[in-house]
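One structure follows; several queries about it will come next.
Chain naming follows the written order as A, B and C, and within any one chain the residues start at number 1.
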Amino acid sequence: MSAESALSIREVTKTFPTPEGGEVRALDSVSLEVADGSFTVLLGPSGCGKTTLLRCIAGLESPDSGEIDLKGQRIDDVPVWKRRVNTVFQSYALFPHMTVAQNIAFGLEMDKLPKAQIQQKVGAALEMVRLSDLGARRPSQLSGGQQQRVALARALAKEPEVLLLDEPLSALDLKLRRGMQMELKRLQRETSITFVLVTHDQDEAMSMGDLVAVFDSGRIVQVGPPREVYLSPRTRFVADFIGEANLLEGAAAGGRIDIPGFGDVADEAMSAGSAPPQDGPVIVAVRPENVVLRPDPTGNGTIVDATFIGGDLHVEVAVGDTLLSVRQGGPGSEALAVGALVRVGFAPGSARIVEP
Amino acid sequence: MSTTEAPRRRRRGGRAGQGSWWAGAPGLVFLIALVLAPLVIIVIYSFLNRAKLGVGVKWTFTVQPYVELFYSESLSGEKSFDPVYLQILLNSALYSLVTALVCLALSVPIAIWIATRPARWRTALVFLVTIPFWTSLLIRTYAWVIILNDNGPINGALTGVGLLQQPIPMLYTPFATTVGLVYSFLPFMILPIYASAERFDFRLAEAAYDLGATRLTVLWRIVMPAIRPGVIAGLILVFIPALGSYLAPELLGGGKTSMIANVIAAQFGASRNWPLGAALSVMVLVITMLVLVAFAVVTRRSSRDGNRQQLESFL
Amino acid sequence: MARWKNGRMPRLALVIGFTSMMALAACGGETTMGGGASSEAPASSAEAPAASESAEAPAPAADFPTPNGGELNLYNWTDYISPELIERFESETGITVNLDNYDSNETLLAKLQAGGANYDVIVPSDYMVAQMIELGLLQEVDPASFPNGQYIKPEFLDVYFDDGRKYTAPYMYGTTGIAYDPTKTGGEVTSWAEFFDPASPAAGKIGTLNDQVEVIHAALRAVGSQPCSPNKEDYVKVEELLKNWKPGVAVINSDGVIGRMASGEQIMHMMWNGAFTRAQADNPNLEYVYPAEGINLWQDNFAVPNGAQNVDNAKIFINWMMDPKNIGEATNFVGYDNGITGSAEFMTPELGANPAVVIPEEFKALAQPTPGCPVEVIDLYDQVWTNFKK
């Protein structure tokens, strides 16, 4: 991320009229720097504006205000066909009347490349996505995964400055999706093209992105490497949307953070060096795997439910009126039977105060 | 296998939702009565002699009408090849072709425009396209007589604002005939193209833009292939009936240039030669079928995707 | 030959004419709709008791039927009889009239030949009567012997197509001549030769009927021959004449003639006299020519076809129509003169005094009915016409 920005998005706003005559603000002053050669993921639930941003970058929508630069050149007033940006569409949008090879060649023909060069690039693109022997097929004769790879090859053959991927894997089944995720990572590494991928699937975002930008209602609420976003969610929304989180309401006063049923959790919730929270109500987020349970007849919690899934024990524990999700691995977990009393605590430094 | 078992077997073998053969019988009878029977009569008449005074036919076999198609006894008395009917047919075909192409050029943008409106508007717009069918073609053609008149609104407006010193004669020209034909058949081009365009996935156009295609390229290389079944259906639906146009050349062309339908009509009227009229009709029929076959061959050769089936089922 | 017998377009066209007038009156568009000759009938039935009673009163033939209700199926040219007149016939006789329309003699003939059409009275033109008699399609009802047969004008009694009126009674007659505007052609037109002259000052603004029989009849006269000429050389000349003439022809169309002539869009046109009087009402400069070479006179006639179901009612109707008052009113509606003596006094003065309607004495010799051409000649007409229009 030390490299220069491939994309620089500054305060982009976009509104759409609603059928009822009102307005919907799809993008609300969104800013984002996408480093050259990075794999950036725009993550958020549907309708959060992430796809609109992607379309603004591609040129299929034009922002109401704000600026988009591609490699230092302003592009938001450049027509779509002149932008050195290409898109892999959610629907793949392969041309049904053309063969696979013709689909890939189409974009190259638009660049008026010589025939021989087009042929060579089409061959290379097909090879890159491992479809060399299917060049003469029609899209309708391909499986969903194959179509997906043709769409990729078609966009990559243009060697864009930035490749935009709009929910490219959402139509694939789970197994295929995992494979394609790896494939996309590989392609990104091999081509060193900047990838910007839109998804609503946080696992996908976590596993693929160098950088994740989390969208909520037309705004980017947090940007950072996946690990950082996971470990240190900035807002209640991010904590909840990415992974699982127990959100506990409490109050901060004079360096203490009191949560009913838990007492002061300031030690666990404060990462080293961070300033104490302002006095007032707070929300503390704790990941299920960071909740520590110790069998204790005088404990503050009661086991409500316990299930083995995979190698983990998934436990529901009640503390007062609050229900917490807990994931426990390793030994000792067999003692956590339903109805057992436990002492509920947090791993040190694992709780986070989040913005509401 | 006993015969009584046969129907039961068939029923068991039939797919759900598939009507029995007999369900189609009324339609079949209808088709035979209303489509086939008149054609058969025309073919038969074309091989008969003229009735005594020329109105009607005499039931004796002859190929004379077909001889008359190509040969005429010149006024000086010798029989020679006379391409007059072929010329008129060719002329009609030219009018039809120009009509079809002008309709195509007008319909593609109109149909695409309609197809890209919100769904609730589309229904209304398609409805608007069909409004001309509410009144008879005769009335609508007369309306063009008024519009194209030397004293009509177009010339009136042009002379009124000083663009013209004198009205341009438009009525009773080939131009007027073409305008009338285009007007008459435009909906037959718009509707099938719209039907194709409505199914078109406009995300494909976005993909093409994204790949660097300009508007014109998108239209030509992405949209056109997708709406091709509609275009072909439209071309056929316009070209063939235009070939048989009667009113436009008569009322708008000023009767100075006959199309083949006018000649055929005359044979059943003042010219009193029903067999020749029938033979001319058969000639038009044959040529129409050849055009259809040519269309089918051309499309089969150039299109190998699913669109073809659509077209074939149409033909 | 298709023609709108009263010089109007059929009703459909009237509707357009009307709506277009509403919409485009200011633009001076086609305004050829028929107006009111029909409403100007001067005589009410009360003013002419003698004539209207004559249907029953004299009764010279004891066996002539008396009205006894029932129906009458009348097959007539489009818009060729006043609806008010039909209503009056119905109320006077108690006979219900069912009216059906055709637009050409050929249509009429084809329908009769096909059989199954039970018409009681039809209105064929002269040459068609001859052919129908030849084909045995008409009943010999002897209209001359009807009570009102006495009113048939002498020159309409022994006609070539029905000597002594054994089969038919006369209805309207008219001529197909030349209409022109002398103030615009800059000279007098008196002949077909001038009409077909490629160097005519009217060239470019000439119109002609879209009617191969009428046009070639006239062209034959122009080259010094006669209609239905059996000489092929005549047709060579006609073809040449028409070929040279065509560039100066603006329109070949039987519709809208009145409007085009009234507005001055065309300044010379082959025209039926009934249509002419209507155009002249709008454009008084127009003149009607009885060309020196001769002019085609057509006569339409009532006849009873074989297979008629109500022969008595047919006779009653035909007799009623030969009443001078009744046919005079019919003339006022269609604008053509008729073949009944004494009808002139029931006609509007404008019609009665118009030389285009009532043929002046000096032109009576020029205006002769033309027998239909034999089929071989019709072929020649067709050949010339097809080549002319290709």
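Worth a mention:
One rule holds in what follows: a residue touches a chain if its C-beta (ideal position, glycine included) is under 8 Å from a C-beta of that chain, and two chains touch if they have at least 3 such contacts.
Predicted, not measured: the structure shown is a model, and the values here were computed from it.
Comparing chain C-alpha centroids with the centroid of the full set of protein C-alpha atoms picks out B as the closest.
Note: the chain lying farthest from chain A is C, by mean C-alpha position.
Centroid to centroid, with C-alpha atoms defining each point, chain B and chain C lie 37 Å apart. With centres taken as mean Cα positions, chain C sits 89 Å from chain A.
Per-chain Cα centroids separate chain A from chain B by 57 Å.
Residues of chain B in contact with two or more other chains: none. Remark: chain A residues 58-60, 80-82, 85-87, 89, 91, 93-97, 106-107, 110-111, 138, 140, 154-155, 158 touch chain B in the complex.
Residues 50-56, 72, 75-77, 84-85, 87-88, 91, 136, 138-139, 142-143, 145-146, 149-153, 156, 169, 171-172, 250-251, 254-258, 262-263, 266-273 of chain B touch chain C in their complex.
Looking at the complex, you find that chain B touches chain A at residues 201, 203-204, 206-214, 217, 221-222, 225-226, 303, 305-307. Taken in their complex, chain C has these residues touching chain B: 1-2, 12-13, 15-17, 20, 24, 27-30, 104, 106-107, 109-110, 113, 131, 134-135, 210-213, 232-233, 235-236, 239, 246, 249-253, 255-256, 263, 265, 375, 378-383, 385-387, 389-390.
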